[in-house]
């Protein structure tokens, strides 16, 4: 596994050079916060950030995406026949993605790429993308990646890991895609023998800055029904205002809605991000709604992320510990609090207490 | 990689108004490309997404049987935006069908067994498919005794009336057609709610007897205790669920009940499975 | 204002013990700086979690819509005006409520404060009218008046207008503040500049509807953006649809908005949502002399007809 050391200048030059072969996305400060955007010529990613406000999921999976187009012109021989829109994903590179966000992509892939059905839109975009990660040298108070399946120097989901060391960067090549990007960027300069231990030292320092954690060890062994029927949901859901903030900023949320929009005699079928928090998410045409009360929807989100996904894929929780929902929830619903409540929930004890009170 | 969201173009070949209040119509679709019909190889119990450009898609159970070649049939209840538009469409118009989707009734497991089919109202569509499949000469000997209990509010609200009469005259299937009530002096079948008729006519439960139940929640609520009384184990009771759907392929995340998607892991579940799932339907 | 905490707890405990109410709606301490969580207390243990500080900017009247039973609610000036509007609009009955009025000296703006510091803020403490903001390797104490949310800075209704008891003495109302200074700036722009201004303002919107859902006024069973038969507004990020949502929502709040600032506070993208509603508030004031929610006995202008209503738009 190649390990290169370069300075900031080479880093920047390399990214600029790579734009010849890739559409490069990087974090850029926009007004008050950093967000990922397609870098213009000469525009460089700004690594002076903790994490972006919105997750990079929109790069692979845009908030609004056209799937098909159709004509309603009766004289056309294609009238009312759905036509695929061109779906050729040219090579993309996301530079500066944090390990938590990087892990979110393999997590989400399990949903879009199954043995039975493959979502061609998501998969093509994902396979065309090279992920150049940036290790976190220190964490936020709301980061809990180490208890969510990765860590500040985590490599899962990445093709390259960049580690900042003063004014230099270690470039750790992780996959073939990573090798191709390094070549396109022209980065070279073997790191010396001390590099590995220096990286390890930085990693340990970073991990020590993580103060937040969730307990997930008992989630698998509990039954769905005992967690579903737990009595704490109504109280925990009280403050929720059922907006879509948590689901939209979350890198591992993926629900969408499909809509047709017609303009005159032609139209498109598109998909838009949707949220299980919205009351109409499960609303039937008959008027029946299995989740028409707020706490049922709040319960659905946390059960999905911390229990249904756990049971379905046996590969940990559907959360990477990025902390965005904690920072951005307008009413301070905290997933750490709820995860710990779920993990420590004792159905038998709760039943006794209910009888006693 | 085939795009799973792309519907096959179909032409509406025939529209039949099934019920006296015109709320239910059966649509017969013919594939524009014969190859698509081969790709659409389905089994009774599955559903498909009917796709109307400009309006949207609706998940509807397949009412035709694979034994019927050259077309597919769906019976659609008029209730919302897409179904209202569909009801106003004419024979010859073009639209799309995506599928087949979901798991069918477990026909391998049902081989050699007795089957009791219990349906109410307009949930009878995939049950029609099942009956036509079972009665097909190529299949009939694969199954034991077949009992059917099918009820609607009035005679005019029954689906597939002519076919029901034809089946009632056969000796290889026990038909129990019932209505909640009627003043029609010519009504020659039964009167009574589906749970009541089930209790009177259904065979007792056994390891070799399965019940397939499809109907409105109220019918299911009162039929289940009857089946318990008759000794049907919860592993031998099969139900077909509905839920709000969009993609139909377990990706958009909308139709889940617990960890299962009604579209992909269902829509058929045994009662044992349902008992382990949250009551979120 | 942190000295209100004990008084709130005392009142809450009393009204619950007396059986006067079934629950007390207030705030409990948040798990991130400058955030508090709306919380309801029904027992001594949950009463103990109630707090009050300068990060209680959310409008708790939002949690009253169509509620049954008797409820005590901690409400600052703007919140009480929304409670009045709720009563007038039949969303809650006055008899159901025990309003614990909070004379407010303003809430701090976490968007503004976060933007002032490069590094992560891990602690915000207040003492009197001084706010101390600290993080890894820095700590700064600033006067609260420099950190106020914009609506608080120009607020002229800090005291509750309707209450059953107060948690402290009434505070002096601000005078000489121009509530509509920023609206006038936009009004003075050329049409092209105005277009660019609003285009830029709404560009970051992600259609999360936090603004709508945090607003006590937005309680339609089906919001106009969610209607499907017919569908009025698209659900994508098409700029036309985004603008339609925000502009129409503002119109639905005309004559009812109390400028509580909850919409701006909750927006994850930091959009200045109040630019729309403030304009409509100014229009209502100028056309009808109306400010929302000041009295239980007056009906709003869009609800009533007066012979001298302005009609210069009829040509």
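Chains: A, B and C, in written order; residue numbering restarts at 1 for each.
Assume contacts are C-beta pairs under 8 Å (C-beta built on N, C-alpha and C of every residue); 3 or more make two chains touch, one makes a residue touch a chain.
On a predicted model such as this, the values are computed, not experimentally measured, just so you know.
Undergrad: Measuring between Cα centroids, what's the chain most distant from chain C?
TA: Following the centroid criterion, the farthest chain would be B.
Undergrad: Ranking chain pairs by contacts, what comes out on top?
TA: Counting C-beta pairs in contact for each chain pair, the top pair is A-B.
Undergrad: What is the distance, in whole Å, between the centres of chain B and chain C, each centre taken as the mean of its C-alpha atoms?
TA: 51
Undergrad: Averaged over CA atoms, how far is the centre of chain A from the centre of chain C? Could you give it in whole Å?
TA: Whole-Å distance between the two chain centres: 31.
Undergrad: Could you give the separation in Å between the centres of chain A and chain B, each centre being the mean of its C-alpha atoms?
TA: Going by mean C-alpha positions, chain A sits 39 Å from chain B.
Undergrad: Going through chain C residue by residue, note those that touch at least 2 other chains and give them in order.
TA: none
Undergrad: Do you know which chain A residues sit against two or more other chains?
TA: Chain A, residues with two or more chain partners: 257, 259.
Undergrad: Residues of chain B that touch two or more other chains: which are they?
TA: Chain B, residues with two or more chain partners: 80-81.
Undergrad: Tell me, which parts of chain B touch chain A in their complex?
TA: Touch residues, chain B against chain A: 1-7, 9, 32, 51-57, 79-81, 83, 93-96, 242-244, 246-247, 249-259, 264, 276-278, 280-281.
Undergrad: Inside the complex, what are the residues of chain C that reach chain A?
TA: Those residues of chain C that touch chain A are 30-32, 35-40, 58, 62-63, 111, 114-115, 118, 120, 122, 136, 204, 206-210, 212-214, 222, 226, 234-238, 265-266, 268-270.
Undergrad: Given the complex with chain B, which residues does chain C contribute to the contact?
TA: 228-229
Undergrad: List the residues on chain A that touch chain B in their complex, please.
TA: Interface residues on the chain A side: 67-68, 70, 72, 79-82, 84, 87, 111-112, 114, 116-120, 123-124, 223-225, 228-229, 254-260, 262, 267, 269, 271, 274, 276, 281-286, 290-291, 296, 300, 303-304, 307-309, 311-312.
Undergrad: Going by the contact rule set out above, which residues of chain A touch chain C in the complex?
TA: Those residues of chain A that touch chain C are 30-33, 48, 50, 53-54, 63-64, 138, 140-142, 235, 238-239, 241-245, 248-249, 257, 259, 261, 270, 272, 275, 278, 280, 326-328, 330-334, 336-337.
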